[in-house]
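Take a look at these structures.
Two complexes come next, and they have one chain in common, chain A, joined by chain B in the first and chain C in the second.
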Partner chain A sequence: MMKSAPPPTLHHERVGCPAAEPRGTAPVRRTRPDRRAWGAFALLAGPLLIGLGLFKYVAIGWSFLLSLSEARGTIALGHWVGLDNYRTLLSDAVFRKSLGQILLFTVFIVPVTFAASLGLALLVHRIRRGRAVLRTAFLIPAAVSYVAASLLWKMSLFNGLPSGIANTVGGWFGMDAVPWLQTTSPPLYWVVLITLRLWLQVGFYMVLFLAGLQGIPKEMYEAAALDGATGLRLLRRITLPMLRNTSVAVLMLQFIAAFQAFDEFYNLFNSGLSGSAAAPIRTPLGYLYDTAMGSQNYGLGSAGAFVLTALIVGVTLIQGRLTGFGKGEE
Partner chain B sequence: MATTRQLPPVVRRSVRGLMAGLLTVLFLAPFYLMLRNALMDTQGLTSPDWTWWPSTMHWENFTSLFSDPALNMGQALGNSLLVAAITAPVSTLLASAAGYALARIPIPGRGVLLALVVATLMIPGSVTFVPTFVVVGSMGGVNTLWGIIAPGLFNPFAVLLFRNFYLQFPSEIEEAGRLDGLGWLGLYRRIALPSSGAMLASLGALAFIDSWNAFLWPLVIGQDPSAWTAQIALSTFLTSQTINLPGLFAGAVVTIAPLVAMFLVAQRYIVEGIATSGLKG
Partner chain C sequence: MSARSSQLSRRGFLGGSILFVAGAAVGCSTDPAGGGPSGAKTTLNVWSHAYGEAGTQQALTRYATAFTKANPDIAVKVTWTPGDYSGKLNATLLTDSAPDVFEIGDFSESLARQGRIAQLDDIYGSAKSDFNPGARDMVTVDGKLYGVKTLDDVMMLYFRKSVLSKAGITPPDSFDALADAAKALSSKKTKGLFVGQDGLGDSAILSVFSNGGDLVTEDGKAGFGSPQAAEAVAGLKRLHDDRSLLLGFTTDWWDPAALTQNVVPMQWGGLWSMPAIKTALGDDFGVLPWPAFKPGGKPVVRVGGWSTCVNAKGKNVEAAKKFVQWLWIQQTDLQTDWSQSYGLHIPPRMSVAATADKLTQGPAKETVELAAKHGRNNPSTWNTAVSSLFTAAAAKIVSGKGDAERLLADAAKKAQGEIDKQRA
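Moving on, here comes the complex of A and B:
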């Protein structure tokens, strides 16, 4: 993708030299500005390229070698163990369980957030008065960190006290007060997890949908309305198909974000005394954190990073292939 | 929706208005709750009787945040501010400069470099904290602010956005500058950069938000209280056996307030930034 930069325009070369090289022959004409171009390129792009090289390429290369090493409490290479770390990882029931749980989480959160953000976008798009206020209200939770939201959800909304908000509301419908985060059967903590992430993220994706909605020409609706189409039919026949690219992008972003969930799980379930041991659910990133930062097993942690990266990249590519199919029509 | 189809427009509009009102209240309620909790005392917070608003405002929850050395909130907020205030402009400027070079300056091998930048986009952000830790750790960045900041300064996605922006930039303007004797650097500094204000503001605002709210990386690299960001300080007291609930909420209010203010002031740029990039992760 995106492989070629456009060829340098002729103008640049023509305009670039005459002052400096009044009677320059062709080769001189080429080398002089080239060296200057190199200098400028190095100055402008150099810092970023070096940074990316260090924090992406060197980091990943080193970490890959670590994943083939026995590296506990050290990031030095040398003690090669082949694929042992990968074997250990994939046979670890805790890691496999974390994969299953994040999959379940993704299956819940992605459709819910998708539907909610699309719904909010449609509402904001159609409302006549107070559109800006409405958009702000939905977007502003995006300013809140997962830590702060976890605090509110854990200690106030779902604190399990009879006077807690969730239990009060539940009481109106005849529910008994329950400890939301600690109850595992039924696993009520899912309600806490889903509502938290939904509140934080929905505005962000709504903005993407709103941008998509604004790109739909009004004439399309007018034409369809002349044909007698209304409400749901307009939505199904025009709005949703026209939002196809946006939808694909939103789904991918959501998937990538959900699969790397960590912040709210850590803050909702960890306790200072027992760490994440008592948590009913641990994400793969939580597993990685405990492995690399807790046990300082950087070999195993690196292997985990590679397995997860491969999973995310793989799913993204498949999703892109599936949904990119027929993109040419648009 | 299916049922509103046959309803007259007036009814449909008022149903929509009602829904909008309810949802607004629902979305803003957590903010109210946060503020209310921050102004109550522990007794009031845990009492079985619901109170909408504390009868006496406990402002001392806020002042104790900064006077209590165990909370360390003053330093943590300072760290956060420093980290975000460096990350946002520097990462945006680096991306802009690199985007310009990749779009405009014709050197051999530019395509390869661009491909190398694009390839890093495939790598998911948080998962690779282990590799990043290995590098930053080996450079002595553990428990330092620069260790928190450095990996966040290089944003390949912003580079591509800037590159696309400069590709569409009318070359006539640049040619005029070239006739005035400007070189590549001059063209970038005098012409391209000054006309990228909206992009810089949008991506800079998003970078500030991401940096301010970042959790996993600061947790990994800055475990010593002296290197805590506000998020880490807050999280530490949330996950410890704390009893000072109102203090926690006051801390949350203090960490949220700057970003809420920013959202209200710079919303246009933030919306623009999200819409043009859809970044994050």
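Moving on, here comes the complex of A and C:
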């Protein structure tokens, strides 16, 4: 390409390099190109900003107003009920339980995902050969959709038949076939939920950690090694502190992802006809989906969306304060 | 990048972008399904959920074309909607692109009360009495008809004749007999009965009906909070305690795979599966209603199906009514085709059902009789909010987490609020 293309630099300049213009005339001609640049900027960025405003912020504002209205089967405003929807929502045992369950889920899944992805990153970073292959192999599940993975887990790995993969493996060790998703005592469905989320997410966070690991200068390890530090000490004194920014970002992403959990819960427990009410666990988003899309109670649904948003923002802020997100290395 | 790309001037890029956007806009506004002939003045948008049986989509399109042939000024565009149909429909109904005609599964009377679907008494005419009473009741709100039933789907208990007779079991005619049979047919590796992946499916609803109860009474009271309903739902716990239910099968009860693949000898299923079951099992199957819970109770089969409604707030209400009348009331041969040629359903018009030759013999005929005798449909206030409360309570009861009477009474109390709001 480079060779076959015409080389004239003059032509080149005319197109994309305003810096090559004679400096002397710049103050005089500044206004015109500026206006043109602004025009181009508006033309290019305008659609995006308008789209963002219209489809995000207007929608969010509308949704907030809806949360203060009685809106069943309509998204028209007008029937104001003040904070009634919020009151109904917070007094609803089902919603409160869903909040409790998602907190439990978060408290469990975030540390596990964090530890697994960090551990995997450390291992993959160490090996000399086949690093790219392994990295790719671990990352591939991140490209699989939650829906497809849920169906795979539900129908193939963890179905209730003796011929299901999990039950077959269990059978080798003398276990009886169990319906994984339907057994509530002990709650075996957690095995399905946790393994699914780990499989889908660990690869992605591992790549983030790998990037962080590659950013640590080799000299630090060499210096530490000269001082006699080895093994665990290197990890604790050098690697982990140097990964701090990455860790904080990963933690935040994981918190948000956990609170927004919906896809796998919906697909694992929803049969399409019986709905998700019989599911042993319903996430707040699942509750909101049923409220808004199922019962068409858009007022209550919107109120729930704001409660959940407030929760996520709150947790993220607290986490940011505790871990010093965005403050940079000291 | 390469030198060639740097040749692309800013203006050229802008021009290209505008062309692209314009192209996309034209592309999007072009009707992909193809409108009707260019002479049509109005185009009706008709929504249907994605039926599973092969040929259904083509059939609907064919009916639409035939309608336009008879009424050249009205074109019909059929929108086939896979996935979460009611979710998509509910969302679209709030917008300007709402369909003119749409089908719904469980008829919801709040649509009529909110003035969102048109009253259709005038298009029924003399055919009204030819629709079976259940099909009329389902779409009736305050004595007025707000929809036309297009299919009756019957759901009943399938059983393997050979397996039961080999085990010396007669087809169960009471709930106790059903539970006994399911237990006797279960072993460590196999299970006797399949009612749904979650072990619940329709069984809680059926239990309430089978003990002579109501989910929601005629006058809009949540009937499932009664002690009589609680007794029947609590009875289901036995199936779970006995471990005689197949749980976590790969497909849910609406698919006959568990039965046809010899995984269970008894399964709750739909008439629509009968052709597939017949292909797989020949004559080695029979049908039963869900048995009466105890003496004095009633056997029950569930009658569901689809109804078509006219969007009262659409721009083409008259044309839409004309289409519904033409297809679902007048064209009896197309109704026969629709209910017989793809899956197996009962045409809601009795005169059409009488001529449906696939329904005149064997288990299909028995099913039609069961539907006429024991058919119950879900109440038209049975929306997600109400049904979720009931199902959640039932799920707790069958897994032994709490007292049945208290759980159901609590759920009914909450559901009452939701029912009242729908009827307001």
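Just so we're on the same page, the second predicted complex is superposed on the first by the 284 of 330 C-alpha atoms of A that agree within 3 Å, B and C clash if a C-alpha of one lies under 4 Å from a C-alpha of the other, contacts with A are read in each partner's own complex, and residues count from 1 in each chain.
The rule is short, and it goes like this: contacts are C-beta pairs under 8 Å (C-beta built on N, C-alpha and C of every residue); 3 or more make two chains touch, one makes a residue touch a chain.
In this text, all values refer to a predicted model and were calculated from it rather than measured experimentally.
Participant: Quick one: classify A:Leu118 as touching chain B (first), chain C (second), both or neither.
Facilitator: Neither partner.
Participant: Kindly classify A:Leu43 by the partners it touches after superposition: chain B alone (first), chain C alone (second), both, or neither?
Facilitator: both
Participant: Contacts for A:Ala278 in the overlay, against chain B (first) and chain C (second): which applies, first, second, both or neither?
Facilitator: In the superposition, A:Ala278 touches chain C alone.
Participant: Would you check which partner chain A:Thr230 touches, where first means chain B only, second means chain C only, and both and neither mean what they say?
Facilitator: A:Thr230 contacts chain B only, not chain C.
Participant: Using the touch definition from the top, say if A:Pro162 reaches chain B (first), chain C (second), both or neither.
Facilitator: So A:Pro162 meets both chain B and chain C here.
Participant: More residues of chain A are touched by which chain, chain B or chain C?
Facilitator: B
Participant: Scan A:Val313 for contacts with chain B and chain C and give back first, second, both or neither.
Facilitator: It touches chain B, and chain C stays clear.
Participant: Scan A:Gln296 for contacts with chain B and chain C and give back first, second, both or neither.
Facilitator: second
Participant: Contact-wise, after the overlay, does A:Ala177 reach chain B, chain C, both or neither (first, second, both, neither)?
Facilitator: second
Participant: Looking at the overlay, does A:Ile75 come into contact with chain B only (first), chain C only (second), both, or neither?
Facilitator: Both partners.
Participant: If I apply the document's touch criterion, which positions on chain A are contacted by chain B in one structure and by chain C in the other?
Facilitator: 1-2, 5-7, 11-12, 15-16, 40, 43, 75, 154-156, 161-162, 271-273, 293
Participant: Help me check something: in the complex, which residues belonging to chain C touch chain A?
Facilitator: Listed in rising order, the residues of chain C that touch chain A are 2-4, 6-7, 9-10, 14, 84, 86-87, 90-91, 94, 110-111, 114, 116, 188-189, 196-202, 246-254, 263, 383-385, 387-392, 394-395, 399, 401, 418, 421.
Participant: Write out the stretch or stretches of chain B touching chain A in their complex.
Facilitator: That would be residues 1-2, 4-5, 13, 16-17, 19-20, 23-24, 27-28, 30-31, 33-34, 37, 46-50, 94-95, 97-98, 100-103, 105-107, 110-111, 113-118, 120, 122-138, 150-151, 153-154, 156, 159-160, 167, 171, 175, 178-179, 181, 183-185, 188, 209, 212-213, 215-216, 219-220, 231, 234-236, 238-241, 245, 248-249, 252, 255-256, 259-260, 262-264, 267, 270-271, 274-275, 278, 280-281 of chain B.
Participant: Along chain A, where are the residues that touch chain B in the complex?
Facilitator: Residues in contact with chain B: 1-9, 11-12, 15-16, 19, 34, 36-38, 40-41, 43-45, 47-49, 51-52, 54-60, 62-63, 66, 75, 120, 123, 126-130, 133-152, 154-157, 161-163, 165, 168, 199, 203-204, 207-208, 210-211, 230-232, 235, 249-250, 253, 256-257, 259-260, 262-263, 266-267, 270-273, 285, 288-289, 292-293, 298, 301-302, 304-305, 308-309, 312-313, 316.
Participant: Enumerate the contact residues on chain A facing chain C in the complex.
Facilitator: 1-2, 5-7, 11-12, 15-16, 40, 43, 72-75, 94, 154-156, 158-162, 164, 176-177, 179-185, 269, 271-280, 290-291, 293-297
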